[in-house]
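Shared between the two complexes below is chain A, which pairs with chain B and chain C, respectively.
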Partner chain A sequence: MSRTVLSALFSYWRRHLFQLGALIIGLALATALWAAVQAVNAQARASYAKAESYLAQAEQRSLSATTAPMRVADYVRLKRLGWKLSPVLQGRWRNSIQNLDIIGIDPLTSLQVPGQTPPSSAGGETPLLLALLQPPGGMIMHPETAGMFGSGYDAGFGHLQIIRSEAVPVGLAVVDISLASRLLGSAEQLTRLVLLEDVPLDREKLVQLPAHIQLASMAEAQVDPGSLTESFHLNLTAFGFLSFAVGLFIVQGMITLAMEQRRNMFRTLRCLGVPFVSLLGLLAVEMGVIAFISASIGLIIGHFIAIALLPGVSITLASLYGAQVEHGLSLRANWILSGLAMSFLGTALASAQSFYSLWKLPILLAPSTQARGQQLAGRYGAWALAGLALLAAGSIALMTYGGLLGGFVFLGGLMLGAALMLPFCLWQVLHLGQSLARGALAQWLWADARAQLPGLSLALMALMLALATNIGVGTMVSSFRLTFSDWMDQRLSAELYVTAQDDDQGAALQIWLEGQGHRVLPIRSHELQRQSGPLRIYGVRDDATYRENWPMLEARDAVWDKIAMGAGLLVSEQLARRENLRLGDHLPLPDGWPGEILGIYSDYGNPQGQAITSLAKLLDNAPGAPNRRFGIRLPVEEVPDLINVLMQEFDLKRENLVQQSLVKSRSMAVFNQTFLVTDALKLLTLGVASFAIFTSLVSLWSQRLPQLGPVWAMGVSRRVLALLDILRSLLMAALTALLALPLGLILSWALLDVINTEAFGWRLPMYMFPFDWLRLVLLSLLAAFVAALIPAWHLFRLHPHELLKVFSSER
Partner chain B sequence: MSVRSLLLCCILGCAAPAFGQGFAGLGTTADGFATPQLGQVLSFPQDHGPHPDFRIEWWYLTANLEAADGTEYGVQWTLFRSALAPGEAEGWSSPQIWMGHAGLTSETQHFSAERLARGGIGQAGVTAAPFEAWIDDWSMRGDRGLQQLALSAQGDGFSYQLVAKAEGDLVLQGQNGYSVKSPDGQASYYYSQPEYRIKGTVTLPSGPVAVSGDGWLDREWSSQPLSEDQSGWDWFSLRFDTGDKLMGFVLRSKDGVEDFSSGTWISATGEVTPLRSGAFLAQPIAQAEVAGREVPIKWEVRLPGRDVFVVVEALNPQSWMDVAFAYWEGPVTVSGSHTGKGYLEMTGYE
Partner chain C sequence: MVLKLKEVTKVIAQSDLERPILDQVSLSLAAGESLALTGESGSGKSTLLHLAGALDVFDSGEIYLDDQPLSDLSEAARAELRRTSVSVVFQQFNIIPSLDVAANIALHARLGNRHDAEWEAYLAERLGLSDLLHRFPEQLSGGQQQRVAIARALALRPKLLLADEPTGSLDEETGQAVLALMLELIRETHSALFLVTHSPTIASGLDRQLHLQGGRLR
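Up next is the complex of A and B:
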């Protein structure tokens, strides 16, 4: 019997291929977006875990410096006291290809030399250790990182060999400590000393330590990329979930329609003696089969979406957090399983209501759609109350907990609460419209819209969420872009940036340039190893360039005079936020450095803390600070000539001479690449939402004949009816878009002010972009128009006898 | 002790996969490095210090010691210098690499330890006057030249602190310190102090033991490669009860046909006679399984010109130096035409 019933059930889909297609596409899209986001997250997390475990095994327990820097002399002294230690010098290496994190190890004492038998590099079969130790040295890096460097890198003092090894995380290079000290310009300092013995250190041993060196726990020794990037992944997950929810609205619409239209079939089957329970069971099997097929398609699509998104994601993570993710996507059980589970769960959720109503409604009675619709409408008040409660809960979480978690709880409450309140608001607006309407047809239009609301409300909720997300995220990205571009204008004020081959050439270059009457701004810095992480301190000349342009967020009066006198320093916003510093506070630094904070400046896109003092103070404390990079102020039109002269006079390579405009365009390109993912997800979500409206309208269409028949019979032509249908659809979409606007703005505020500040360490000003909103509203109207077009076309072409049938049929 | 250490650096390549590659280059060519010149007069104390323009160099001390109850011990303290490039530089960019080996052997126990360090930062090095050789917390410190030395080293399960006093002059090996290593003319600078009276304490897991005995120091530096067809060597330093001393070695060729042997006879009165090639003969007469391989631990040694026909037997057959570049090194006892004690080193037993 089951087979017969199943074939009867499936015969419906054979006759309604469009519905089947929409159902499968909806579910597949929902699954695909969810799975794609999960895959991207899983990939990124796996990369972090790899980096973390790499660092963990490489580090074990270590000694780190507190008040004064760790010096090579400290290391040697402890070694000669019998400590089993291996030195590590770590830092960010700025070069002309790609800035890299460098870990300098001493292969002679280190337990960990990554990839001891690496595949041979393009440079030939040079043995690993010799390649590391033999001057000028080699760099071990992940093949993906190595791809940027080719077979080697000309460091100015020799050709550095690249050794590829999967054992090294992406974005990191492991080098011999002598090379690290050259590349980082840090001859005397060390980052930490790894303890090679796992024996407990007794008091007698610990008192040998100098006052500024102490045993560091793992947590202190490194910054966990996981916690920084968590917000980004939460963001992605939220997007994925949103898309899934939107997709579910489609599925729900389709299933409801299929149940509705098969009511007669169910009744017949029941009359033929099919037990109610087995009917439900077989329906569940049917849904399960559909869910499985959709999930499989969804996973395949999701896989490709993830592959497409991953490069953008890894660029985002690298540029915002300095965290590195491998580009190659690997199949992981967790996201495949989660995709399958979500698909089944979603189908179950979406069909639950239909199953429930099938269970509850007497089989021999087929009440009108309208009656059930009004029943549902009664619940809108309750939904709105629940929505309000969610909003309140989110706000309370934000106010009491604050932070990233509070921010996300608030966002969740806001979005879900607003969605729940939407039908109630629409209901009230339509009610108001109806009471204000003059004329029978106008009144009917409003009332009919209200009657349609139950069938459309889920799709409209989806549309509102998608629109709000678009507005919110769009505002955030555009604000970011505007701020970033302004900031670059201020920050990159020199017309030409030059990098000399070495310090001697730097000094010669400076003298020559000044002799030519150009203003030269040396870019010299020194990296201090502090317990909270590395801090790069720049020393600047007293120059109008800084006084006029530097992007200061807050500062003392005459701040540049005080800086020039060496009375204090400026800190970046990230550093200030991370260490909770205010103007006038004292930044704990080794003796000799000025500590008083005279100003805070914005430093977007830099995950590490930074500070500025006078050039004189820098050189007092770090006389060896490399003197290779310069900004040069000169009339823009003279730049090309100067480039030519410098290339000839000083034998500088073209890539060592960078024009300001080029830096800006490169930075903007990185920035735009960064937000490609967001843009893609925005578009996909909106697409899915439009599809939801379309399927809802199509599914409503057949149920609406009983309402349209009488109106037609009273003399309203099919043409007018079709136009009114389109108009109604536009009205609903417009109302929804209007309500989505404030929601989107609150969302963007939360993103900019709460989430960003927590996640990135900087606060962005919010800018309004009314034209973007208008574009979105028009886009949603267009979507509603297109969605309404097919049902309207159907109505327009409908044979009158179909409308007449309304009166003859029992419905 | 000339050849063994030279070869050791060669053997590094085969014995240790991790570091071997790094040192493998050392035994191949002498590019850019200085080479020993015949007629160059060694001058002290400068030549007690390092010669960074040469590729390899070592300070090598072995000692046969005895406790009050007659228990015998052997001690080894060695510092090797290997240069990746000629010359010295300050800081991390120094091309010099230092390697220390320490060993302590009794009849039933053998301990070994190793230290690696780089030059330029002060973690390891040698100064000529006052003399000091050190790596990490191991050191060999002298007051007047090499006349008196204070030695210390420690590793897992053992340590020692010894004082050595020289009784006699330095011995310049070969032709006034120019020691030819092969028929092809490869050579090294080489001198020794074979007459140390040693006192001090060795510490084993069971506790400290006061000891005394005799020691032998070798100093050698060179840059030149060894023959590629040699698989290892057996090196003997024997101190006979008559007061005569014999240093001899056999370089085993890979094909087992053309072994190369040489050595030095140092009479009780201090007269030094280099042995002609092939005069020194050594034949294994018993093997033992050591660290998973067969190693000869009993030898018949002959030097017919001096009427020496002796059996040399390991005090502890398991004297395996379990370091990155493992080899056998330990005290031996001598019986037969002459009696006495000494040290044996064997490398290249795979």
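Up next is the complex of A and C:
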């Protein structure tokens, strides 16, 4: 019996290949976008885990500084007292190719630290150690990172050899500690001292430690990249889920249609003695087979989408958080299983309503499709109320919990609630249109649009969600771009940026430039290790450039006078938000540093905390702060000449002299690259929604014949009917787009004010982009027009015989 | 007896009021026998047919199908009975649009594990469907679809064949010819035929006629 019933069930799909294709494509697309996002997340998390496990292995138990920097003298003193230690210097190395985190180790003592000296890909540790020790030194890095540096790097004081090792995480280089000291400009400084003896430290031993040094665990000393980027991955997951939900609308539409059209088959099979439970079970098997096929296709597509997205994600994570992700995508069981599970779960969700109505299906006479459509319309009021309840629940969650969780719950409630309210709103608008219409044909058009609403409402909900997402995310990104561009104009006010080869050359360069009458702005900084992570403090000169341009969010009166006097410091917005700092608060820093917060400034794209004090104060506390980078103020037309002169006078390479416009264009390029993933996902979502409209219109058009036949019989030509069909689709899409606009703006507000603040650590102003919205509305109208073309063409070419069937089949 | 109804009553709700659509109906039908049930629209003819086919439930009395009382049967047992012993030719044919004629004819017999390709081919030939076996229902006329429904019902060799206006969409002459063929075939299979019709002419061709009025048999 089962085989016969399954054969009858599948015979429907054989005769409705378009519907089957739409169902499989819809489910495959939904799965693909979800799986792609999960694959990207899994890849990134695997990279973080690798980095973390590497660092954890390398650091073991260590001593780190708290209130004052750890110096080489501290190390020497402890060694003399009998401590067995291996020194480490860690920091961010800024260079002309790619900024890298570097770990400087002492190759001789670090051999006793498991995992600290990674084996090279070529095998064996000896050549690798030799390379580290041979002057001027070598750098061990992951082959992917090494690819950017080629065979070596000219550091100004010599050609650094690059050694490849898979054991080192992407974006990190392991070097000899003396080389790290030169590259980081941190002479005489250390980040931590790894304990080489695995023995408990008794009180007697601990009292030998200087006051500013204490025993630290790995977790205390490091900010885990996974936790930093968690919000970004949550954002991606939310996007993947939204795309999945939009794809499910297609699936739901197709399953509902297939169930509707097979109601007579189900009744007949039951009349012929197929038990109800068997029928339901076999239908579940049918849906399971379709879900499995779709999931398989979706996972393959998802794999390719993930490969395409991964470089963009990698750049985003590197530029926003400094977290590195390997580019090569690995097949991982977790995202494959998650894709399969989502496909089955999605199919179950999308078919739940149909199964429920089948459960309620009487074995004998049942109401017609049209009558059920009217019943559905009667439920729009209840849907709208449920939507309002979801909106209220989301708002309460936002107000009660706040933060990322509250933000996402609010967004979920907002989007789902608005989708549920859409059919009711459209129904009311169409009703109003019908009552205001003059002329029989116009009234029929509005009434016809209303009659089609039950069949189209799911696809229109998908379109509204996709449009709102495009408007919301687009507004967020454009606001960010505008803010970022303004911010760069403020921050990058020097016309030329120069990097000297070393501190001596830097000093000579400064004297020479000032002798030429140029205003020189030294860019000098020092990194402090704090419990909450590293903090880079910059020292600035008292100059009009800062007073006039610095992107301050809030500040005390005469803030630059106070900074110049060394009375306090400015902190970046990220640092302020992360540590909940306000104006007037005191930032706990080692003795000698000014701690009072006098101002908070925006600092986009920087994952680490940053602060600014006067140059004099910086040099008081960190006299060895590197003196190699400068901003130079001069008339922009004099920049090319100065570049030539500096290259000749100081033997500087061209890459050491960067014009402001080049920095801006490079930064904007990184910015745009950062949002490529978002752009791709929102376009894919809109594409899926357009496909939903298309499949709905194509599938439903044959059901429309009873509606069209009588009008045709009354003298409205097929040509006019076809044109009206297109007009109706445009009308529905336009109304949906109008309703999507406010939803998109609320979404944008939530992203800018709630989600991004939590995710990135900065708040952005919201700008309006009406031309972008207009373009999106026109795009959705175009999608609706294209989607309506095929049914309209069918209608236009329809043989009168088909329309006459409407009457002959009415008994 | 293949079918026996004993004081069967069925009550339906209309505008919040309950009224008996069948009131204490009793009848019996033996193997090889044919019975026509006539009556006005809404008199309960189709309801009586559905009760006899174990498709619907009654409120009081008893129905015996092949000497089995239906009120004792579970939903699954009733489905089993429909799958193996009873065939129905519906007013609206109820053939499966996505199966071709051959698959439609074989459907019920396959479900009841009584598939017999030779018998199905014979039925198709007798009903003039041999050349249409690979066509789909949408490619058939109303009369052809009705003949497919009859062939499907007979392919099971049911003990009881129930037919609801089986010639309703055929002209008088074709209707008579199809009826004659049905009668011939049920005699061949030794089935009982219970037929509901509006037409006195069709009814007169069967062994017995009953008239339903106000829920009671006359």
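Everything below uses one rule, namely that the second predicted complex is superposed on the first by the 714 of 811 C-alpha atoms of A that agree within 3 Å, B and C clash if a C-alpha of one lies under 4 Å from a C-alpha of the other, contacts with A are read in each partner's own complex, and residues count from 1 in each chain.
The working rule: a residue touches a chain if its C-beta (ideal position, glycine included) is under 8 Å from a C-beta of that chain, and two chains touch if they have at least 3 such contacts.
These figures come from a predicted structure and were not determined experimentally.
In the superposed model, A:R438 makes contact with neither chain B nor chain C.
Of the two partner chains placed around the shared chain by superposition, chain B is the only one that A:K79 touches, whereas chain C remains out of contact. When the two structures are aligned on the shared chain, A:R270 is found in touch with chain C, with no touch to chain B. In the superposed model, A:R797 lies in contact with neither chain B nor chain C.
Residue contacts after overlaying the shared chain place A:P135 against chain B, while chain C stays out of touching range. Residue contacts after overlaying the shared chain place A:I177 against chain B, while chain C stays out of touching range.
In the superposition on chain A, A:R582 makes contact with neither chain B nor chain C. When the two structures are aligned on the shared chain, A:A187 is found in touch with chain B, with no touch to chain C. Once the two complexes are laid over each other on the shared chain, residue contacts for A:R14 go to chain C alone; chain B is not touched.
The contact surfaces that chain B and chain C form on chain A in the two complexes do not overlap at any residue.
Against chain A, the residues of chain C that register as touching in their complex are 50, 53, 55-56, 75-76, 79-84, 88, 90, 92, 94-99, 103, 107-108, 110-113, 136, 169. Considering their complex, residues 17-19, 21-22, 24-25, 84-85, 91-95, 97, 116-118, 121-123, 134, 136-137, 154 of chain B touch chain A.
In the complex of the two chains, the chain A residues touching chain C come out as 1, 4-5, 7-8, 11-12, 14-16, 264-265, 267-277, 363-364, 811.
Residues 72-73, 75-76, 79-82, 106-109, 113, 116-117, 127-130, 132-135, 177-178, 181-182, 187-188 of chain A touch chain B in their complex.
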